[in-house]
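This report refers to the structure that appears directly beneath it.
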Amino acid sequence: MLELDGINVAYGKAQVLRDVSLSVAPGEILCLLGRNGAGKTTTMKAIMGLLPLMSGRVVVNGTAVSDLPAHKVPAVGVGYVPQGRRLFGELTVAQNLEIGLRVRRGGPEVLDGVLALFPRLAERWSQRAQTLSGGEQQMLATARALCLQPSVLLLDEPTEGLQPSMIEAIRQVITVMRDRGVAVLLVEQRVDAVLSVADRVAFIENGRNLETLPAEALRADHAIVERHLGV
Amino acid sequence: MTLLSTQGLSRNFDGLRAVHDVDFDLPEGQVRALIGPNGAGKTTFVSMLCGRILPSSGRVMFGGKDISHLPAHRRINLGMAYTFQITSVFANLSVFENVALAARRRVAGAEVAPVVNAVLGRVGLHERPDQNAGDLSYGHQRLLEIAMGLAQAPRLLILDEPTQGLTDQEIADFKALIGDLKATTTILLIEHNMSVVMEVADIVTVLNFGEVLAEGPPEAVHANPAVQAAYLGTG
Amino acid sequence: MTKSNKTPTRREAMKTLALGAGAASLPLWARYAGAQSSAPIRIGFQVHRTGIGAAYGRWYDRTTTAAAALINEGGGINGRPVEIIAEDDGTDPKRGAEVVEKFATQYNCDIGFGTLFSHVVIGSAPRAGELKLPYFVVSEGHHVASGMLNRYTLQPGITDVKSQVQAMAPFVANTLGKKVTMIFPDFAFGHDHRDYFTAAIEAQGGQVLEHIAIPPTETSFTKYFPKIPRDTEVIYHVMVGPAVLTFVKELGEFFGPQRPEMFGFIDSLEAVDISSPGLEFLEGTYFWEGNPRQAQADQSPYDAFYRERVGVDANGASVDDARDVSTYSHMFGCWETLHVVKAGMEAAGYAGPQDRASLIEAVEAMTDMPHSNAHPQGAKLFNGKTHQVFGHQYITKVTGGKLLLVHTTSIEDTLYPDEADYTTQAF
Amino acid sequence: MEIGPYLMLASLEGAVTAAVLALTAVGLSLVFGVMRVVNVAHGEFFMLGAVLAWWVTGLIGGHPALGFAMALVLVPVLVAGIAVAADMTILKRIAYDPERTIVATIGILYIIQQVTLMTYGPEARPVTPPFNTRLALPWVEFADGAPRLYWPWGLSTTSYKLGVIAAAGGVLVGVWALMARTRIGLLMRATQLDRDMALAFGIPVERVYALVFGIGAGLAALAAVLIVPIQQAHYLMGGDPLLLSFIVVIIGGLGSLPGTVLAAVLIGLSDGIISVFFSPTLAKILATLLVALVLVFRPQGLFGARPR
Amino acid sequence: MRDGRKTLGLHLGLLALLFALQFVLPAYHHGNLARIMVLAAYAVGYNILFGYTGLLSLGHALFFAAGMYGMGLLVNQTGAAPLAALMAGVIAGALVAAALGVLALRTEGVAFMIVTLMFAQAGYLTVLYFGAYTRGDEGFVIQQAQRVMAGIDLSDPSNRYFAGLLVFGLAMLINLWLVRTRFGRVLIAIRENEERARMLGYDVFVHKLGAVVLSGTISAMAGASYGLLFGYVGASFASVQYSIFPLLWVLLGGAGTVIGPFLGTLFMFYLIDLSSGLTTAYMLIAGVALVLLTLFAPQGLAGELRNRVWRWLP
């Protein structure tokens, strides 16, 4: 369970998020939609504690993670797949995953579970992350987050720049996670990529969150999307 | 007359073909939109036009001159203006000073202020010349970017996703602004917002995986199933 | 260290003056006390407490404090106690000039005194001249006698390097060998050695085979030693700064068992214990010493007195800490200079800053300075025109881990034609 | 001396310089790489290492090797502790802002220097080497068409100098193993590569920073302990290692440990070898200009990747 | 623009205050202020590169020394007139700066710091190497008789004070004028966002080179004046310390402000002077003060002033 309660965030003097409130239930995929610069990535970083809150609270499974130092947030069970993957490029696949496992002291069985989802990574085991293809890098970024056995998973544009087959693979993993009871917060720009997996969709514009709708409603009426995103 | 053209323009990053063998012609006075999915190579392509990135191979011609080997500032001085995709204003300087820096490329002394004020008026930032650019909202920073482009009175204005983060009203104003500029300036526009593209562009070029996928009037491109597939990812 | 840094306050000085009469002759004291104001004579002491000269500065400070205490016990100067006002110059010429300015205009000192490092002297002297502050330096540099400075700058307590160097040449040529290789630091002090010694040894029929100038701040030296020619008979070495011990040790390691004769300026080992690990090979080598640090068998009573007052033992180390070796070859200059100042002030009837010119004239008029408690290093001859004093120089040989005297030069050995005449300058 | 033996001697001397420099520079490189700050006080940690080594060896009687071994273990730890304290009380509070860090570390430099002067004093003091034998070295010459060994005049080194080279090599291998083979090394590298992501994966970045700052200072101190039987401990001795380490770190390519070590070897050797052919000060000038020009024409360092 | 008038008022006011102070200050502080003004001119020069262009050089002692030795060697070796020698020093500084700029500006960031440091170190060693002319570390004296410029004896305290004021005033007014010119504005733009400035069509390299040359020339002017006014030329002014000092002064006073370099120089001078009178541990006090300033006044004195009170401070 992830709850954002009226968070305000600024980069220096420019306020980026204003009173953003969201909640994601276990076993649910909430998709955050908005244009570039609307504040989606900032929301993610604020949840992770990478940006200080001016006000508001972030609660994960009853723990106010916004009161914790940033490095304690993941241990509560928040896995983060950032935009642009941001792997530890000079480290090997194995080392990247080890860093993920370390967060909640996951044993070999956790790793085996993750590798079962991404068998390709086992083949690339001692390769340096920066030498992987784009799709493999995205797999590794996702796998790294799954290694900490998250109860909340944040994914920021996981399909950016990927081939359709790769997109499909990532989408399936997200679905699997939802089915295992993980609360998934997904940021996407590609509406079609979202609508097929999301349970609910929240729109964000200029740092404020607008309405949150069931994905069903959007699938039924595409005009809502166009109204908010102008595509 | 062709203002800008490229021949076989390519760029690789560590084996990734960001832009591949692009031939591109932009006649004087046209508004051209460049569209394509994320990662299609749009920004790399325009970066090579204005010299921020050097091509791996190919040529860039501007006003009949081969500018492939000119450094960025020389190209700008030939009459190009470039606005950044990610807002890149001078955050610690005032709005006025941001635009004045651009305006001083062509005017000096007492002539700067009127130019700046006029440009700020055109984009709707005339009420806040003294504010620090970094304190503006994201949308206003984008408008400031556009204002800096306008202040240079360029022959070719390259706008990289200018409407990102703008409100509906601001987008409407932007469209009107492009309509005004058409008469005097050639415009190359990278844009995601299809309504903007459909309304302002004369011709649309679609990039996908670093190559030109389609080119033509907006309606034709919009109707092109290959473009639909690539752009919306529904393939 | 705090103890030695403490400068006598006026009250303490007065108390010493009152109680310490036992050491002084009462009539002398009474004569001055009756005639003059009893406000202290303020001597601005520019001391290298920090920076590269700090090891010297500490001993200069101790010697100065001891000399001032002695003078005060003896009734002060013209019946007035001496007050030492010490300020750090960071061994930096810019700060040095500022400190001189502070003495003259802030502390109202009667004179400035005590500077060792020559760049500090040269940086400060112009200010002293402009401020008309008599500036008594203890730096052994040739800059005073060369005429580079001004009438307000004097060096009456220590022989300059030009004299020291040329006085060594006869001994080196006649006793050690005529083919010399010189190793010296590549800055002005080293260049003085290079120029004056080369000329002097050639005058003796010898020759310098090679000049090896070591860059300042160098910390390892072995790589330069192969430049020493094989047929070298004598190595002439002089080095300053914190790396001196490394230099000497590496020299020893380079030569191993078959070394040529070696002659060094004790600057290479000033403040360094001759029995430090790695220095065993120095046995049998020769040193110039300004004042032998080892109490010699025929030690003069003056040296014994001086040693005792400053707190230096027979090996040249602090009486409190045998590992704390003094800069014995230089620091006597502080002691002697203060006594020259005293004599000059008394001769000039110095009463205050208005008499500064007469003080300088009085010192300029001095000539012979006999071996005495005031001049424990030896007799001296002062040249009023060049503002420079000349004295005996000592050559010692390391024998059984001790520096034993083998030769004393005459004062005449140190003389050279005048290069300047400050007395023609207006005040 | 003939050119061959001279070059060998200069190389040997250069190797000692390089060994100590490599340790010091690797410490600086770690701090620079992981924390992205310029630690101007690095040379003072080196100096503290030397001064404390003198102090520790003085505490213990008996064979010099005993005190030296003790210093070798104790001193780096002590200095690392001081560095960690400085990190937590000062650098952390200014959020490792690059410019402010420069000023703050200059402040730390002054403080350390002055405190050392007030407690230890201005003298250069020696430490007895644990072992030190002069080793004359042979060279080959061709006489009557056949090679034969001979012992050229002055060609020698000492067992301790060779020991320093070996010890530095050992420590460098240890640092490499720490970075490449251990859990803590992994965390440090992850922090270096992406601070935010390190936080997002639960790495206590502040503690890693304090640790890195401590290890960096400890390596400088260790280098100083090794050199102090050759050069004496003096309160102003930190300046040169600081400058040289900086040069080495930049020439080696920022944050690249192998590059740093290679650059240390190059700089250490070039200084000695250039001095074979020119007068000493001119050699220093040329070596300095050479380094500057290398950077001018390869700004990313000899072993760094050219940024796109 | 009312701010413009306030700016001019403040800075001319400072010059007027400095002018007036010479009549009331005790001799010691009078002399100190003369020194501080010349050194502050050096800091102003440094600040043009560091504070306004955003380039951190560790080699400015090279320029200061180029001015000092350019002037001093001419006077000492050829007996040139002080004014001509002063000009020669300034020109020497400009030439050295141009040469260094062309090379060093190929690098950026820390590499720029190191390259400038290395060139300055080579310059320092060169001064020692040519000891026959420079007298190496010991330096040489510019005799009082050689310091008479157009009949004015520069060793006289009030003349010297006035000359110091002139040098500092000139540097500060150049700086004030600079920030109002297009060139100066572009320097600030480069500091703020180099890529953006380039994409507005400005030749970043040429502007940076101009900043190096201007900065070096002012530094050289300060160096030449210092040697001439205080009668001493020595290698310690070419050492790395004298590259670090202006950085400290500027950071303490406030980088990128016109008045900051003066405040920083003044502050640092008296911090050391006063604490050195109180205790031998003045370096300790200076060190602690530096640390405290970075903790509590990170923008420097004038920078904090600008943040809190005078937003218009240039």
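Just so it is clear, A, B, C, D and E label the chains in written order, and each chain counts residues from 1 on its own.
Assume contacts are C-beta pairs under 8 Å (C-beta built on N, C-alpha and C of every residue); 3 or more make two chains touch, one makes a residue touch a chain.
Everything numeric in this text was worked out from a predicted model, so none of it was measured.
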| item | value |
| --- | --- |
| Target chain C, source chain A, minimum contact steps | 2 |
| Euclidean distance of C-alpha centroids - chain B vs chain D, Å | 51 |
| Distance between chain centroids, defined by C-alpha means - chain A, chain D (Å) | 44 |
| Distance between chain centroids, defined by C-alpha means - chain D, chain E (Å) | 33 |
| Overlap residues in chain B, where contacts from two or more other chains coincide | 91 |
| Multi-chain contact residues (two or more partners), chain E | 125, 128-129, 280, 282-283 |
| Shared interface positions of chain D, touching two or more other chains | 114, 117-118, 239, 281, 284 |
| Which pairs of chains touch, using the document's own definition | A-B, A-D, B-E, C-D, C-E, D-E |
| Footprint of chain E on chain C - complex, ascending | 5, 49-50, 87-88, 92-94, 97-98, 101-102, 104-106, 118-119, 122-123, 125-127, 129-130, 141, 143, 148-150, 186-189, 191, 215-216 |
| Parts of chain A lying in touch with chain D, wherever the complex brings them together | 45, 48-50, 69-75, 80, 82, 86, 88-91, 95, 98-100, 102-104, 144, 148 |
| Residues of chain D that touch chain C when the two form their complex | 1, 5-6, 9-10, 13-14, 16-17, 64, 114, 117-118, 121-124, 126, 128-129, 132, 134, 136, 153-154, 156, 158, 230-232, 234-237, 239-240, 272, 275-276, 279-281, 284 |
| Footprint of chain E on chain B - complex, ascending | 50, 52, 71-74, 76-77, 82, 84, 88-93, 97, 100-102, 104-105, 108, 148, 152 |
| Residue ranges of chain D in contact with chain E within the complex | 32, 38, 90, 93-94, 97, 99-104, 106-111, 113-115, 117-118, 239, 243, 246-247, 250, 254, 281-282, 284-285, 288-289, 291-293, 295-297, 299-301 |
